Every structure is written in structure tokens, then in C-alpha cells.
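Next come two complexes built around chain A: one with chain B, the other with chain C.
So, the complex of A and B:
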């Protein structure tokens, strides 16, 4: 032992002697070592990934027709590239390797990293790369830039969610981001925001749009058995139902249904017995009343082929007869606002025979399988108490009004900044990619896969809807909240416009806003009525409200007949003609008739030749066939002349978003066309026949 | 003594762990065809249009037939495509009706995606079916939206319950935007002229109104990018031709 250690020492000291024994030799050795160390940095630089890609890029462009230009542009900026935008917090070196992003000439190159960037409304120099694509901007290796590491945890955003980045600044819907728009819409439509608060950078919060029914009088409306079946599987009753599945066990569903039925209080009128008609109502008459009332504009029914046909404003009615009690249904159809003052359903003024017809028609839409296996014994007080506990635990009152239960505040985690949630705070499932998009998508797809004790229910969503929701949630980043307000594009502020007086009450009663928008509030199924008073003639409007005919025969959704009394129709007409006037022109500035025949003839020529309006509109039913715009056979007695003139001149100014193209018409042409159109008085009888 | 036990334990656990690791790939490789066909045909899901990076709305369904044209059950079909695109599942056995369905996710670049489905015959000969799908980038996506709003009512001869086509009502029939035989012959400048100034700008029907005062220049460019992308046969820009890389 002793000797071997001794010999090691000896050899070490002889090595020392050889290297540093002589001062000159020592100097030489130290210099060599220093040189070696100094060479490390340049060597690392020389063999770096980005240099390798820049060489590849040069080789790629050298063989192309416009090599000289491309090379010159590249050599103006070789070396490490950086886009630095202090205001946005952007330090991006991506262009060091992605050298061809701005080269329009490289449109045919499909290999990365040299592809040209597709056309978007922003430039690289304005916004950099990570604003939209995420990833680590300052990194200079492929691995660090694109994947998450321990130190940097922001991987590249998959292309399927890239629209989320637009949503960081743009609060209003954009034409180019349909997925983001859909996702934002679904956050409201599926009621996510009842439980999860989502505050927007401007301080407002996303509002739910699903209007879940109050359960305060639910026992009037339906049976305990139906509630049980619904709780067990909402989509078994209606495939389009947005109510999620809480995966309740049989006893739990039994107890919740027991509590909801027991806590319900009766409402006067709901239990009035249905009068028994002498003869059974004609089933075809019921179907045609359903059709004439345009119930299908809002309600869908599943047809024999399994397709759900109809609107999605109201609930699907495929099996409604199995759900609602006939007494309640009749009371609801008589006036839905008694049961639910805020419902989107209009108050049709149906007569008693009509009520009987419709109640019988809807009552026949049954599905005997739905409740076939549901047998519930009378509820015990213990079951009811347990049901109440479950209703509280699952936060049912976050969405529904329930007697005896307060709406919980912040029932579920707030999602205001979920798009930037730190990965260290997330428990991923085994085998899952450790990235925010995968986490959010998995949470929406199967919430309970993260733990069977979790309360979040299972939603019934298509894969495209899950992607859309994930996109919308990913847009809620720290950056979105911290951007200077001047750099964001705000959404149009929500309007809470409410017309005043008796007409206002009438408009709420008829639920005009469910289909029409006025002053920024309301639906988009039917035309915007903000300037309706300037647009139409009074006698036409009065007649239309009493008995709406169709202006666009090709549309399946139409204005229903509300059976208004003369007084109500007059009240509404007066209000619309007075309140909904545009300041842009004086409606009496042009006469509704009496134009010189020469001008009318000139207008006719213009209509058929220069402007070829017959492509979309019908003036003469024998010749014209255009079905895109409204029929104009009686436009002279429907529209105001000054409105027609201004519409022809600037359609988009009169109604934003209309598809009638602006023809840049001269005043003379517009006047002649107005003269021609105002002679089209038609006759309401002819119109009704069509 | 203690050491030896420890070593045996380690060895045993190593074997166990490695067995556990190899189990999974084994299960995937076990996709053995039980049937062999002679031909591959597309049942549905080809020629779809979707945004880049996203899963197409309809699944791609292919069918394996034998020489007599009857469906073959249990034939192995594998899908492949350009980088960036993916299939779920990427391969599988045909069901009792001889079909296999897969969800196609498009890549991040706009353009035409050529996919291939392969199956092999009993004699180990490979049979291939080519399928094409189209991915819309941002610009083409905007064009698609504009088409649906302003153009499709006349230019798309197909009617849906929501939108009745006006195509057949017009005396001069508009060209569907997929009609490459006609539209590919028109230059971008000509398309800009006819969209902006209407049919008469190119001595065509006045039934095509001008949209130059309704749509912006960017919107018209987006529309043209979309029309060029969905054209059938495909559109190839004329102009400078570069050497292949």
C-alpha cells in the first residue's frame, strides 16, 4: 500500500517537472491551455444550431431564380436575429433560424424552418412571434425554443389553438377566428361561467347565455320520475340538452329528485285542469298550428332519420310529452311569462281552442322508453334531507333558482388567467403531455378522470366544441390582462336597452329581442329594427304586425303571428314609427308616389340592365326569379321613399353588415330607381296567395 | 450473504420492469390482419375543407374490397401523410362492413394535403389509395367566410335548408368557385376586376354586381386566395418559375 502511493506521487511530480520545470516551458504550456479555453466560445458559436440552419437556408436560396435578391436580404441581417418590443415584453430570436418568414418568393417552400409565414393582418416587426405562437423567444436552440424545460415552461402552442392568441388583444369577434368566436360563445351557452368566474381585462365578466330554468315550481311542470331520468342522463331526453351529466348514483338521483319535488311550491294557474273537449283534437290541425306559429324557428325536434331539425333558442321538444304535465303546458302556452318572467318565449295570444290543439299536439310527443324503468317510492324525510345536501354540494343553485338554497359565490375555481396557469400548479394525468392546452382539453373532455370525487360534471360536447372551448380559455393569459389598454381592441359594450312605456312592456311580453336587435340589444335571427320607423310606411307595419306575411319566401324562419289586438298593434306601430327614426335623413324628404313616368321608365331600365337587380330581387313575379333579397312586388307600399333612396346609395350605412352591395350609385340613378320601386304597390291579396 | 440477496432482488425487479416496459409496444404491434383485399376505395371524408391544424369535421372512411368487389373484414389499413398532419387512429383493421374510419388532423400550413391509405393483398402486394384534403390558413379562412356571406348564394349551386341557392334562378349561370377549368385561366388581376367592378368589367353579365365599394382590398385578396386554394383541378400560379430545391 505504502509503496504504490509513493510511486503515484513520484510520477505526478515528474509530470509536473516535465510541464512546468522550466519557466519557458511552463509559459508555453499555460499559453496553450489558455488558447484552448479561449477557443471554446468561438467553437460553440461555430457549431451552433442556428448557424447550421442559416447555412442550410443559404444553400436553399442559392439554387433559386431570385437568389441574388434573397441572398442580399439575408446578408444584410445574418448572425443572431432579434425582434425586441419592450412595450409587449417580446424578445424573439426565432428569425435567426426561420430566415424566410418574410420572403414572399418562398411561397412554394414547405420545409421548416424556412417556410414563408402565411398572410395575416399583422407583421413580424410589429408583434414578434411568441405573442401568437408562445414558446421561448430568447432561446437559440431548437429544443429550448419550442419545448418546455425545467427553467422555461412555455412550449409552442399547437396550430389548432393558435386563434387563442388573437383573443388576447381582440375582445370582439373577428371574421378570421371562427374557432375562438365559437369557444367564447360556448362559455356562455353551456353555462361554464355560472360556476367559474371569468373576468375580462376591461373589468367586466363573461355572462352566461343559457338561462337555466328556475326550479322553484318544478313540481308543477314535471314529475319526480322525469327529474330522476333527466339527472341520470340529460342527453337521453334531448340530444341537444346543454345540461351536463353529474354521474349521480341511483340513490343520489332518487334523493335529489325527492328534494327538488318537495321544495317546489305551487303556482296559481299551473294546475287548472285541462278542459276535456267533446271530440278529440285533429292531430293535423295541431301540427299545422305548430308550423304556422313558427315554433321550429326556436325549438328543434328530432325526425325519424335521427336529425335534429329546428332552432336552438328554446329547448328541444322531441319527447316533451313525457316531460311536462298537460295542465302546466297549457298554462305555459297561454302565457309563459307567468311561470318564468324572463323567458325568451313570446306570449302568443292563443285562443282556447288553439291552446287545446297545441297542448294535445305537444303532449303526443312522447317516448315510452324514457321512464319505463323508473320506479320511485314515496320520498322519506331522510332522503329529502340528503337530497338537499347533494344539491348544495354539487352547486345546483349556481345555475338554477331553488327554494331554500342560496346561489353559491365562486363555486368553482376562477378561470380569469387560466391560459397562463403555471405548470407547477397542475397535477397531470400519467401519460399526458405537460402543457396547458392538453390539460384544459382533458379537463373539459373528461373532468372526472382527474379524480372521481371531483364535482365538475361531464358535458356532452363534440370534439370541435372542446377545441373551441380550449381555444377560448387559452386566450385568458397574463399577457391579455397586463397589456396596455391602448393595445387591446375592446368588444362592443353590452347594451341593456329597454324601450319605455306601454310599448316597452308589450315588446318584452312578445319577446321581440329574442329575434330582433334594437340599439345593440337582441338576437340576430331577424332584421335589426333600430331604424325601422324610418324604413317602413305606417299602414304596412300595422297590417304586418296583425298578420305577418313573408318578404323572403326562401327563408325557413319567419315572423310568427302573435294574434295582437287592434289596440296593441296600434300601440306598437306608433312607438316604432316614432322612436326608431334615423337622424341620417328626413323621412318626408321624398314623396311616396307621383314620379314623372319618364323617370320611372328610366328606373326600370336601370333595374333590369345596368344594375341587374332581378338577379336577387323579384319585382314582376312572371319574369324575375331572384331569391336572395326580399321580394319587391309591393315595396312601394311597404318602404319609405327616402329610405329606399338612401339604402340604394349606402346600404351598409343604413344597416351594418347587410349583403346588398354598395353600387356607388349616382344621385340621379338612385332617384330614378326609387321612382320605379315606389310604383310597385302590389296588392296584399296577391302577396298572401304566394 | 445480504449482498447476494440484494443482487438477486435487483435482477428480479429489473426483469419485471423491463417486461412491463416491453408489454405496451407488443400490444400495438399485435395488429395482425385477418383478411386481405384487392382494392381500397374511399367511402367518405375526402375533399374536405378545414382550418389548418384542426381535425376535419367528418372522419375519413375507406373500404377494402376483394377482387369481386365485396367488402373484406379484418384487413389492415395504414394511413400516411405529410409532416404535421396526423390520423387517429393511424392504422387499424376494417370492421364487418369492410370499412375503417379515422379522424384527420390537418397540418399547420395552408394548402392541399395528399394522404395515402395502404393495405396489402394476400401476396403482400401493397395497394394504395390517394386522398386529398384542403387546409385553410388565416387568409383563406377569411375568404371562406366572405364566400359564405356574399358569394355562395349564387355561386354554389347546392341548396341547404338554411340557404336556398339562387344559382338556377339566374339567366347566366355563375361559375362555382371549385370550377378550376374556367377560373384557373383568369389572372388575379382579372378576378380583382370582376369582384371589384362587377361582370361588365370583363364584358360578362351584369348579374354579377360590383363589390369594390362593399369589400376592402384585403377582403378581396382573401377571397381570391380561398378561390385559388379550393380550385379543382388545382391552381398553379403562373409567373416566375423557380428551380426545384
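So, the complex of A and C:
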């Protein structure tokens, strides 16, 4: 044993002697070793990942039918590939490995990195990859390109949020990005921007659209008990409520309700007693008045099956009887603008019996469980003072107008560039992926999980809504803000159009803009009225305002009847006919009748054969089955002839976004069709029936 | 064979071209060999004659030579790195990424530069410890020790200025912290800080300043002091070997420790 170890030692020392015994030999050996080490550098270069993937790609395409074309296209530019966009500061080398991105022939390949890119409205060479997908574009290794490393915080964006990238340049809603559009909508609808300022690159800020009610006269409207129950759990009262849950303790909710009730000042009209003689009305009459007034176009009610049915412009009314006091409700229905001058609710001119009917009908929508366990003693001054403190601390006045409390500025952190927030500024929860999308989603899902002392309340949002909000917030990146203006697709600037004069006051009173858009302002529930004066005939409009009928057979909603006085209807008609005229043509350039019968007949032929308009429209109620477009049985007395002619020629110019197809009609065809349509005056009997 | 090569070499040294370049000419007499060293611009810094024991490993552990070696590697890799690097805020980081991802052997260059820099700092310290514990700083070499301390500072400054150039978060914050230390200097701390960064925060000016310092000023100063350092070795009587100590020192130290038994 010892001898063997001895001999081993000897052989080792003789090897040492051979290699390093003589200085020249030692120098040679060391030099050789150094050369070997140096050879590692070019070897690593040669065996790099991207070369490996390019070889794999070649092997893949070689076995295919179109190998020759694919190989030639590949060899036209092999080596490291790069998409360079100097204006955007983008250098993408993704195509070095993702070699088949642009090959339409590889549509069946499902293995990455050779899959073909799905069809998008942009070309890869003009937009690169990281603009949409994030990640580290210049990298040529899998790890560095896709994941976040020590020196690169922005990994690949998960595919479910990829629409956020569209939002960096496109400020207006796109048809291809429903999730982004929804998220942007929710930022306003859930009132996120009351507390969090979000400035857009054009300098404007996102405006809230939720219209939280003023609490200055809240004691007129409801009881302290209801406020308490509402604060404890808003969704228990209305599942669609956007008010978040502040998770107040029982004493805190008691004190806040005490303060809100105490700080409320009464309004004169709200306390007028409900006349007693109209009690015990016909319950079906109330329901039918509710239906005739099209309250459901804006207000929803939860039915027995638990489904919420109705519009989402106004609050849900399922349990409204438990909430509001009858005196207030009656005053509100009489004229909502007295209580809230900016409300989206129109001023229906309801008669006293109608008011009683509706008040009683709505007052019966109660839920005895809601307030069953709420018993509040009279508030003490300490409780009121503590309530005021809580209201200030939780920033209630960011959303609601409250007597004695100023609206705080920048109550919550600004989110203008939240999509590029440096990870070093974020405290992640244990076990959470350290990436911006995960952080934003977790923060929306459960804000208080980041600390029970945080003020942000719990919103009640569906998972799809959380994804949408995350997507919208992720689009608020540094790039979105620093992009050269020429490369952005701006949104239409928000319009603050307000019609003038008496008609303007009338239109505010009727809340026309809650449903109709005019000159860029207003809702999209009803037709855009910007060119209405050029479009319709005066007698029809006057009659319609007095007694609106539906124009589309398939539509359930229609314009409610506001019980306008003759003067008001005339005033409105005159204003619309004068102010809302298109500069594109003269309204009087074509007669509304008296066309030669031959031309009318030709138009009829065109209507039924060449253009097959009856597919969507009805002219003869006995034969036609078109339910897509408006019924045209009385179009000759409704629409202006010049409008019909120009509408047929280029519908999208007259009203952007209309689904009426542009059929590239010749002047002659359009003229003949106009002549035919203008003969459709409808019968006076039909008119009366409507 | 070896004979022939030597013959050819002798012939080469005799040619006119060779002699016009190296003035020493042929011959292997001590005078010729001494002249060959003395008359060469690079070699004349060194002694014309060196004792063999001074070249043995145990004398110096070759620490000074290894430091010079790393310095040469740093110059050799630094120059190609400069070909790819723009000292500007928008490009500096992208350039280091390009070196990492697309320049052939760029990562090798960067890593070699980085590790050599670490090695050089380590070797300079080791060199100084060796000199210190061997007592080689003592007269007549005290001036060269001071030069050595200056070279240590230059090495550290080279390392510090080079740290900013990748322009990543690590670089940015390291230099921010480092330069804030400078503002702790009494009275003129803020002025020093401002002068160093060319502003109040680490930004484009600081990057440019550090680049010029790192690639031009500090290396030139280093070369100057290295030259003085080498030249002083010769002037101070060659490398310090134990046996070459002055007799008085040797006489004092030898009886102090004899076979591990302390003597009073």
C-alpha cells in the first residue's frame, strides 16, 4: 500500500518534472494551457443558443414540401436578425430564434420558437416585438430575452394582458381590443380616478363617469340605518353597486353614518308630505307607468332568478323602497334637477297622479332583511366628531360632496405611469411573482392584503373586470408618454359641447345627452343627433317629441315620453332643425315628393332586386321581413329627401360607424331609390296608431 | 539543430537593419549584454544585471510582475471595448448589451476586463502586503513605497470609474453612494462632489467625466508612475531579496530568532 502510494508519488513528481522541470518547457506548457482557455471564447460564440435554434429551424423546414423557398428566404438573412426602430428606441433580435414568424407556410407548426405569428394589423418589421410583448429585445439568449434578470426588470408580458400594449399608442377604443376598452371604461365607471389621478399623454386626465351622489342633503333621501347598512356592505343592497366596501368596523360605520346624517342640510321640497288621497293605487298601473316611461333603459332590477335586468346608467332599484323616503322620492321624480343639478336622469313632466303611482310602485320594492339587524341609538357628539375624522381619513369626499369637508387633492398615488413602475419601488407579497402585472392585479383584487392599514377599499369586481383594469393600467407606460406625437393615434378630444339658449336649458333638463350624442358629447344609447336637422322633416320631429314611437321593430328600448308642453316641443324642434345641419348638402336641394312614376318604379326595382334592401328594411309590412334597420313604411314623411340621397351614396360619411353598407351607387340609382322611398308616406291611420 | 538556430539568430543580429534598430550588435560578452539592456528604451528602466536569486519565486512571488500582467490585459481588452462603447446616456447601456449579445466574443472581452480588474486590485494589495511584511519598504526604498501607495490609489480609482460605465442600476447607485461619500469631506465636500460628477446627480456629465478619467487620464498617470516605480527599483539597488539587506539590519535581526527560541 505504502509502496503503491510511493510509486504514485514518484510518477506524479516525474510528470511534474517532465512538464515544468525546465523553464522553457514550463513556459511552453503554460502557453498551451492559456491557448486552450482562450479557445473557450470563440467556442462559446460558436455554440450560442441562437445558432442552435437556427439549426433546428433548418432541420424543421428541410422536411417540408416548400423547403427550397423557405431555405432560400432563411439564407437571405441568416445570422443574428434585428429589427431596429430608432424613433422608438427599439432593438429587437427576437427573430434570430423565432425564424418562422413571418412564414405563412408554417401556419401548422405549433412548437416554439418557430410558430408563425397570428395575423395582426401591423407588420413585424415596422413595430418589432417588444413594443407589444415587452421582454428584453436586444438579448440573444432565452433567459435574458424572456424573463426578468438582475439588470432587466421587464419580462415578457403575459398574453392575457397583451392588449395593454395597443393602448400605448391608440388612445381611442379599438374593435380588436375589447379587454382594454372595458378596462379604460371601468377606470371611470368604478371611480378609480376620483382618488388616483391618471394623466394622459395629451395632458388631459381620465374623468370619472360614475357620478357619485352628493351627500349634502342625504338625510332628506334616506335614513341613518340605511347608510349604516350600505357602508357595511354596499353590494348587499344592490349587487351592481360600484361603491366599494371600506370594511368598516361596526362602531366606525355607526360614527360615519352619524356624521353624514348630522352634516346633511334639508332641502325645502324634499319634505313635502305625500298626499294621502292617492294612496292604495292600482299596482299594475304603477308597473305599466314604469314600463311606459322606459325607466328600465337606465335602471336595473334584480328579478326572482337573481338576474339583473335593465340599463346601467342609473342605480339599481331592486330594494329602493328600503332606501329612500317617500317624500324625497316624490320630489325627485317631480324634478330630479332640484336635488342634483347634474344628474343624468331626465326631468319627466309627470302629473300628480302619475307621481303617486310611481312613488308607490317604487316604494314597494323593499327588502325587510336589509335593515333587520340595524339598531342605532341617537348619535353622540363624540361619535359625530369621530365620524368626521373617519370620513376625512378614508377620503370619502374624493367622490362625494359632503358638507364641511373639502375634496382632497391627489388622495391616492398617481397612476399616470404605473405600467412602468420600477420594481424597486414595490413591496411584493410573499410568494408573489415579482412582475408589474401580478402586482397590479393583486392590488385590485384585494387591496388590503398589502396591509390592513391601507385605505383603498375592496371593490366587487369579476375576474374578467380585474383583468381588464389591469390591462388598462398596464398600458400607462413610460413609452406611452414619451412616444413621439406623430406615432400616436389620438382619441377624439372630449367635447364639452353645450347647446345655447332656451333650447339648451331644455335639453339639459331632459338630459338628452344621457342617451344621445351631439357634436362629440353624450351617450351612445340613442342615435347621434349632430346632423338631425338635415336628416328629418319638421312635422315628423315635432310629432315625435310629443309622442315618441319606435323606428326599429327589433328594439325594445325607445325614447321615453317626457310629456312636453307644445311650446317646449316647438322650441326644441326649431332649435334642432336650425342648429343641427350638415354643411355637406343643402336640405332643400331635393323635393320631398312629385317624382316621375317611372323613376319611382325604377327605384322600387332597385330596392327589391339589385340592392335587396328588404333584407334589412321593411317597406311593405305584408311582404318584407327586414328587422335590422329602421322600418321605412313612412320614411317619406320622416326623412329629408336630400339626406336620403346622400345617405344612400355614402352612409359612413353621414354618420360614422353606421352598419348601413356603402353600395357604391351611381347617382342615377340613388336618385331613383330616393324617389321610391319618398313615396313611402305611411298611412295617417298608422301614424295615429303609433 | 539548436546550434543552427543560434547561428541564424547571430547572423540576424549582425545585419544592418537589426543594428540600426538595436544598437548593441552581435556578441555575448557581459558588456554587450549589459548594453542591450541599457540602450533599450523599455529595458533601460531595469538593472543591467540581476542576481538569479532575486528572480526566484520565493523572493517576490512575482506579485509585481503579475500586477503588470493584469494591467497589460486591461489595456489590451479595454481598447477593443472602447471601439463598441459610446459614453452617452441613451447608448451606454445598449452598447454593453450589444457587447453581451451580438459582438463576437464581446462577452469574453467584457468578462476578461472585469476579472482582470478584480485580480489587479487583489494583486496590488497582495504585492503591498508582501513588501510590507518583508520590510522591503525600508530605506533606501521608502520613496518607491510611496510611489506604490499612489499606484494603489490609481488602481482603485480606475476600478471605481470603470464601475459607472455599464450605466445600469448597480453602476448608477454605486457611484451615487460613492460620490456622496466625497461630500462628507469637511468644508469643501459639496464642491468636490460637484466637481467629480460635473453636477449634483449622476448623469450624462458624470458618465463622460468617468469615461475620460477611466480611459485616458488615469491609465496615462498609471503608466507614468509605473515607469518611475520600475526605474526606482534599479536606483534603489534592485529587487529586495532577504540576503541583500544591509549588514546592520541583518546583524540586528538574525539573533532575534534562532531556531524558534526567543533571545533577549
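One rule holds in what follows: the second predicted complex is superposed on the first by the 652 of 690 C-alpha atoms of A that agree within 3 Å, B and C clash if a C-alpha of one lies under 4 Å from a C-alpha of the other, contacts with A are read in each partner's own complex, and residues count from 1 in each chain.
The rule is short, and it goes like this: a residue touches a chain if its C-beta (ideal position, glycine included) is under 8 Å from a C-beta of that chain, and two chains touch if they have at least 3 such contacts.
If you're wondering where the values come from, they're calculated on a predicted model, not measured in any experiment.
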item	value
Which of chain B and chain C A:139 touches, first, second, both or neither	second
Partner chain(s) touched by A:577 [first = chain B, second = chain C, both, neither]	neither
First (chain B), second (chain C), both or neither touched by A:466	neither
Most chain A residues touched (candidates chain B, chain C)	B
Touching partner for A:193 - first (chain B), second (chain C), both, neither	neither
Chain B versus chain C as contact partner of A:41, first or second or both or neither	second
Touching partner for A:652 - first (chain B), second (chain C), both, neither	first
Partner chain in contact with A:80 - chain B first, chain C second, else both or neither	second
Touched partner set for A:91, first chain B, second chain C, both or neither	second
Shared chain A contacts, counted only where both chain B and chain C touch the same residue	none
Footprint of chain A on chain C - complex, ascending	90, 94, 97-98, 101-102, 104-105, 107-108, 168-170
Residues of chain B that touch chain A when the two form their complex	51-55, 57, 82, 84, 103, 105, 107-111, 137-139, 141-142, 145-146, 149-150, 153-154, 161-162, 164, 166, 169-170, 205-207, 209-214, 218, 221, 225, 237, 240-243, 245
Complex contact set, residues of chain A against chain C	40-42, 44-45, 80, 82, 89, 91, 93, 136, 138-141, 144, 150-151, 424
Footprint of chain B on chain A - complex, ascending	60, 63-66, 105, 107-111, 115, 118-121, 158-162, 175-176, 178-179, 309, 463-464, 467, 554, 556, 609-612, 615-616, 625-628, 652, 659, 661-664
